[in-house]
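Here chain A shows up in two complexes: once beside chain B, once beside chain C.
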Partner chain A sequence: MGLFDYSTAEQVTGRSAGLGLFKRFNDKLLRIMSAVTILIIWQLTASLQLLELPSPITTLGVFIDLIISGDPLYNRTLPEIVWASLQIVIRACAVSIIVAVSLGILMGAVQPLRKYLEAILELLRPIPPLAWIPLAYVIFANTGSPTEYVQVFVVFVGAFFPILLNTIHGISMINRIYLEAARTMGASPRQILRQVMLPAALPSIFNGIRVGFGVGWMSIVAAEFVGGKLGIGYYIWSSYSVGGRTAEIISGMVAIGIVGSLINKVILLTEKRLVPWR
Partner chain B sequence: MALILEDVTQRFGETTVFESLNLEVEEGCFCCIVGPSGCGKSTLLRVIAGLNNTTAGEVKLHNRPLSLDAGEVGFVFQEDALFPWYTVEENMKFGLRARKIDKNKWDDIIRINLEKVGLTEYRSYYPGQLSGGMKQRIAIARVMAYNPKLLLMDEPFASLDSFNRNMLQAELIDLWEKEKKTILFVTHNIDEAVFLSERLIIMGARPGRIKRVLNINLPRPRNRTDAEFCRNRRKILEMIEEG
Partner chain C sequence: MKKALTSILVLLFAIAVFAGCSDSGNNGGDQEGKNGTQEPAEEKLVYLTQTAPPSMLEQLEAGEIDGFIAWEPFNSTAVTDGYGKYLFTSQDVWDDHPCCVLAINENFTDETTIEALVWAHIKAVRFINDPANSEKVLQYASDFTGKNEDVVKKSLENITYVEYPAKDEFEEYYNSLVEGKLLKNSVESIGYTDSNKFFESFLKTSVYDKVSGELDKDAGWKPANVPAETKVRLGYLAADLHQLAMFVADKEGYYSQVGLVNGENLETKVFPNGVAVMEAFKAKDVDMAYLGGAPATLKRINDDIPVEIVAGANNEGSGLVVKNEINALADMAGKTIAVPGVGTVQYTLLDKALREEGLRPVIK
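Let's turn to the complex of A and B:
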C-alpha cells in the first residue's frame, strides 16, 4: 500500500496477544475449519434426525434455486425479496444519518443543548425499536401506506441512537489543541465545524453508522414479522406459517447474514476512502 | 510598540496566575520568555493570543485591542497541532481560508512558505507520515503562510531531540532575520533562550510576575560553546534562581 500502512493497532497487537497455541494454523485455514465444523454438526443433526432439519446439501440446493428461479409461492427471487427490505433500510438509515449526525455534532459542540436533550434521549434510548411499532401505526395511520412508513420509522429509530451517541462521543473527544489552533488562525465557527469538528469526529461517526446500519438491518427483519410487503423478514416468517419449508427459512436467514456482513464491508470501505489519514 | 500589555490579570477561580502584568514589545523583536514551571509563561502566551478569558487588563497590537477572530497572531504549540485529516498543503490552506486570502495566491504562498522550511516535496503528505521535527517546521510554515503580525511560540521545540532542536532554532533565526516578525517565544530551556533572543523576559513564580527584562546583544550567528554565550547562560540561570 505504498506510503500508507492501513493495518490498525488492533491488528498488530492481535498477532502478539493470546497464548501462542496453535500457531501453525493460519487464519484462512481456521476460517474454513469453522465453516466445516458447523456443516458437520448440521449434517449430523439432520442425519440422526435429532431435529427436523433439511441437510446442508438440500438447503444449498433450495438456496441456489431461490436465487436463480425464485420462490413459486411468491413469484419472486431471493435477491428481489432481500432488495425490498434493503431499500427500506437504506432510506431509513440515510435519514437517520442526516438527523443523528447533525444533532450529534450540535449536542457535542453546544453543552447546554446537550444537557437539555440528554434526559429525554436517555429515556427513549432503552426502548427497543420494535416497541415503537404499535405507536408508529397510530402515528402514520393517515398516510397512504402506513406499513411502509412504520418500517422506515422503526429502522430509523434502530439506527438513530448508535449514530447519535458515537457522533457526540467523537465531537467531545476532539483534542482541544486542534480547536485552539483553528481559533488562533482566525477560523469562523462555520469553518471550525466543517473543517475541524466534522473530520476529527469522522472515524467515530463511521463507527456509529456501521453499528446503526447493523441494528437497522435487524430491525427491518423483525418489523416485517408484524406485516407488510414482501421483504426478507416477511418471507421467512410466512415460510414458517406455511409449514414444512425449513430449507426456505434457513436460506432466508443465510441471505440476511450475507447481506448484513456486506453492508458492514461496504461501510468499512467507504470509511477507508473518506478517512485516508488513519 | 507592536505589542502592549496593560495591567493584565489572569485568575482561574481562586488561583491567581499573575496580576497587573505590564509588558511592551517593539516591532520585529525576537523576545523569549523564560521562568520556572508554574510562573504562568504559557498562560501569558495564551492570554496574548486571546485563548483565555482574561480576568482584567488589555492586550493591544499596534494600538488596537487584539482579537482572536482577526487572526493577527500565529500560534505554534508545543504539541503537534497539525490537523491529521489534512495534508500539509490542506493544513496551510486552512489558515489562508480563515484569513480570507485571495485563492489565486494560495498556490504561490504555500510553495514559498514550504521552501522557507525546506519541505517543498512534502506538500501532499499527511502529518502522520512526518517526523516530529518536520511537523513543527510545517506548523511554522502554516502560520507564516497567512502572514500574522505576531508570532507566539509555546515551547515549540521542547518535544524534539537536541539535534533537531538546534537545527530548528538556527532555521527559525534565519527566518526571523529575513522576515523581521515580532516573535514571543516561551521556553524553559536557557540555552535555547540565549541562542534565540534579542530580548529576554525572566518571569518568577508565586505570584507569576516579570522579574527582569534583558537585552542579549551577542552577535549572530551565535555559538553555544562561546565563552560569552556561556557567561550569559550562567548569569540568566542565577537570575531565575534568585527567587
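Let's turn to the complex of A and C:
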C-alpha cells in the first residue's frame, strides 16, 4: 500500500502483473533500495556541488528541528503549519464530496440531465484551479473573509472533477441486469438507488475521493499563493523569497508528501472497511 | 485499528462540516494562546498575514484585514477608492529608508555601458524632481502604471526619487534582518571580514560619484556613447511607480543620447517581483536591473548572488493603509495587517512602527 495506489483496488489486495523478472528481490528490499538510491544521488549532488543543495543529513536535521521547535522566523512548528493547510483541504474536500457525489449519481442515473450538464462541465474541467483565483475573489467579495473562501474554492475545484467523473463512471458501469432484476422484483426507484446503484458504484466513488483528495492537497500550494494564514504552501514560497533556506523548502515539500500519502492510506483503509464486497 | 481510523475520518469530517468557513477568521486568538506561556499577558499583539498587494485591496474592502502595508500605487489606489486611509507613510516612521535601487551583475564589467545607464538614470531622476516638469511626470507616471492621475498624484507625494541611497539607512535595514533572524548566511561566510567591508563593495558608489560629479560641474555633460554592438539587458518591475526613472529615461530619450537603442542594443525585461530579478541575476539572464533594495540585500547574502548597487531609484514610498474607522496605531492591538512578505522593507517599516508603539507583530 504505497504512494502509487491511485489505480484500482485489485493491486491493493491481489498481486500485480509483470514480466516476472527479478523475482527474488522482495518488496521491502526494493523499497529500501529506492530510498537509498535517492539519498545517494542527493548526497553526491550536494558533495560534488553540482547543485547548491544542502546534504540529506543537514536537511533531516532542519526537518526534525522544524517539527520540534519550529521556525523562529514564523514562530510556528511544521505540524502547525501543515495543519493550517490541512483544515482548508478537509473543508474543501468535504464540500466537494457532497456536491460531486450527489451530482454524479444524478448525472449517472438520469440521462437527459447528463447530456444537459456535460457540455458546460467539459468546458470547465480543463481550467486549472489556479486560474480561478481572480474570479473567485470577485465571487466571494462580500463574504467577509474572501481569502479563506478563495482558498477553499480553489481546492474544491481541484477535488471536484475526479470525484464527479468517477461517480458518473461508477453509476453508468452498473450491469443493467441488476437494475432490471430489481425492477422486476418490484423495487421502487428509491430502493434501486440505495440498495443497488449506490453499493455497486461505491468502489468507483471511493477511487474518485482518493484522487480528488490528492489533487486537492496539491492545489493547496496554489491556493495559498494568494496569502492569508501561514500554511505549508505559503511557507515554502516565503522561505524561497527570503533566500538561503533550501533545507526548509525541502522539509516543507517532504511534509506535503508525507501528509498526502497518509491521506491516501486513510481513505484506502476506510474504503476497505466500508466496501467489503469490493 | 480499522475502527480507529474510520472514527478519525468521521471526526475529521465532523470538524469540517461544523467548523464551516466563516468562523475560522477568529482562530488567531486560540493559536496565540499556545505560545502564551512565553509572553507576558499584557503584551499587545498585532497579527500579520502575508499577501500579494493586489489581493490586499480586495481583503481590505471585504473587511478580512484591518489594514495593509504596501508600496505605491497600491496605497493611494485604496485611499482614492475609499476603502481606507493612510495611518502613516514611510517618512512618518523611517525617514529616507531605502527602497528601489539600480543594481548590476558583478560579472558585467563593461564600464562604458554602466556609466551610460547610470547617467541616463540620474538625468531621469533630476527630470522627475524638477518642479517645472510636474505635469509631464504625472502623465508618465499614469502611463507607466495604468492608474489615473488622481491616484498617481497621491502616490508621488509619498515617493522620494533619489540618485543614491544612504549607506547608514541600508545598514539599519541590514541590522533589522540580523535581529529578525532572516539571514541564513552571514557577510563573513560570503567572503567579507565584517558588514562594513560588505557594504563598501555592495554599495558601489564609484560610477555614481563620477557621473554626478561631472553633471554637477556641467549639466550638459555626457559620457562616451555605447557602441552599437555592445548589448545590455535591463530588468525592471512591472508598473512599479518607484522605478519611474527607467520609463522617463526611455521616453525622454536619455538612453538613445548615449547610444542605447531600446529593442536593438538595449533589451528591457519586465519582472513580477524582486525575487525573480535576483533569480535572473543568478542565471546571468540580466545585466542591470531596477529592484527593491530588500530582496537585493537578502538574496545577495542568503543566496550569494553577486550583485552591486550602482544607483538608487527611490527612498520611502510605502505606507500603512487602514480601515476608515481606525484612527491611531495604538488601535491596531489585536487587529490583522497584511504585509507583502517577511523581510521586505515594508515588513521592516511596520515592525519598527509597531514596536515604537509597544505592539508586537506575530504571523498569523
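The definition used in the following text is that the second predicted complex is superposed on the first by the 259 of 278 C-alpha atoms of A that agree within 3 Å, B and C clash if a C-alpha of one lies under 4 Å from a C-alpha of the other, contacts with A are read in each partner's own complex, and residues count from 1 in each chain.
Throughout what follows, contacts are C-beta pairs under 8 Å (C-beta built on N, C-alpha and C of every residue); 3 or more make two chains touch, one makes a residue touch a chain.
Here the structure is a predicted model, which is why all the values come from computation and not from measurement.
A.B. asks: With the two complexes superposed on chain A, say which partner A:Tyr149 touches: chain B (first), chain C (second), both, or neither.
C.D. replies: second
A.B. asks: Which partner does A:Tyr240 contact after superposing on A: first (chain B), second (chain C), both, neither?
C.D. replies: After superposition on chain A, A:Tyr240 lies in contact with chain C alone.
A.B. asks: Chain A residues in contact: does chain B have more, or chain C?
C.D. replies: Touching more of chain A: C.
A.B. asks: Now for A:Pro126: first (chain B), second (chain C), both, or neither, which partner does it touch?
C.D. replies: neither
A.B. asks: Between chain B (first) and chain C (second), which does A:Lys272 come into contact with in this model arrangement: first, second, both, or neither?
C.D. replies: A:Lys272 sits against chain C, while chain B stays out of touch.
A.B. asks: Touch check for A:Pro112: first (chain B), second (chain C), both, or neither?
C.D. replies: In the superposition, A:Pro112 touches no partner, neither chain B nor chain C.
A.B. asks: Which partner chains sit in contact with A:Arg76 here, chain B, chain C, both or neither? Use first/second/both/neither.
C.D. replies: Second partner only.
A.B. asks: Over in the complex, which chain C residues touch chain A? Could you list them?
C.D. replies: On the chain C side, the touching residues are 2-3, 5-6, 8-9, 12-13, 15-17, 19-22, 24-25, 31, 35, 49-52, 55, 58-59, 61-64, 180-185, 275, 278, 295, 298-299, 301-303, 338, 341-343, 362-364.
A.B. asks: With touch defined as at the start, can you tell me which chain A residues reach chain B in the complex?
C.D. replies: 3, 177-178, 180-188, 191, 195-196, 199-200, 202, 275-277
A.B. asks: Taking the complex as given, what residues does chain A use to touch chain C?
C.D. replies: Going by the criterion above, the answer is residues 52, 72-76, 80, 87, 90-91, 93-94, 137, 140-149, 152, 225-230, 234, 238, 240-245, 266-267, 269-270, 272-274.
A.B. asks: Mind listing the chain B positions that touch chain A in their complex?
C.D. replies: 49-51, 68-75, 77, 79-81, 83-86, 94-95, 97-99, 125-129, 142-143, 146, 152
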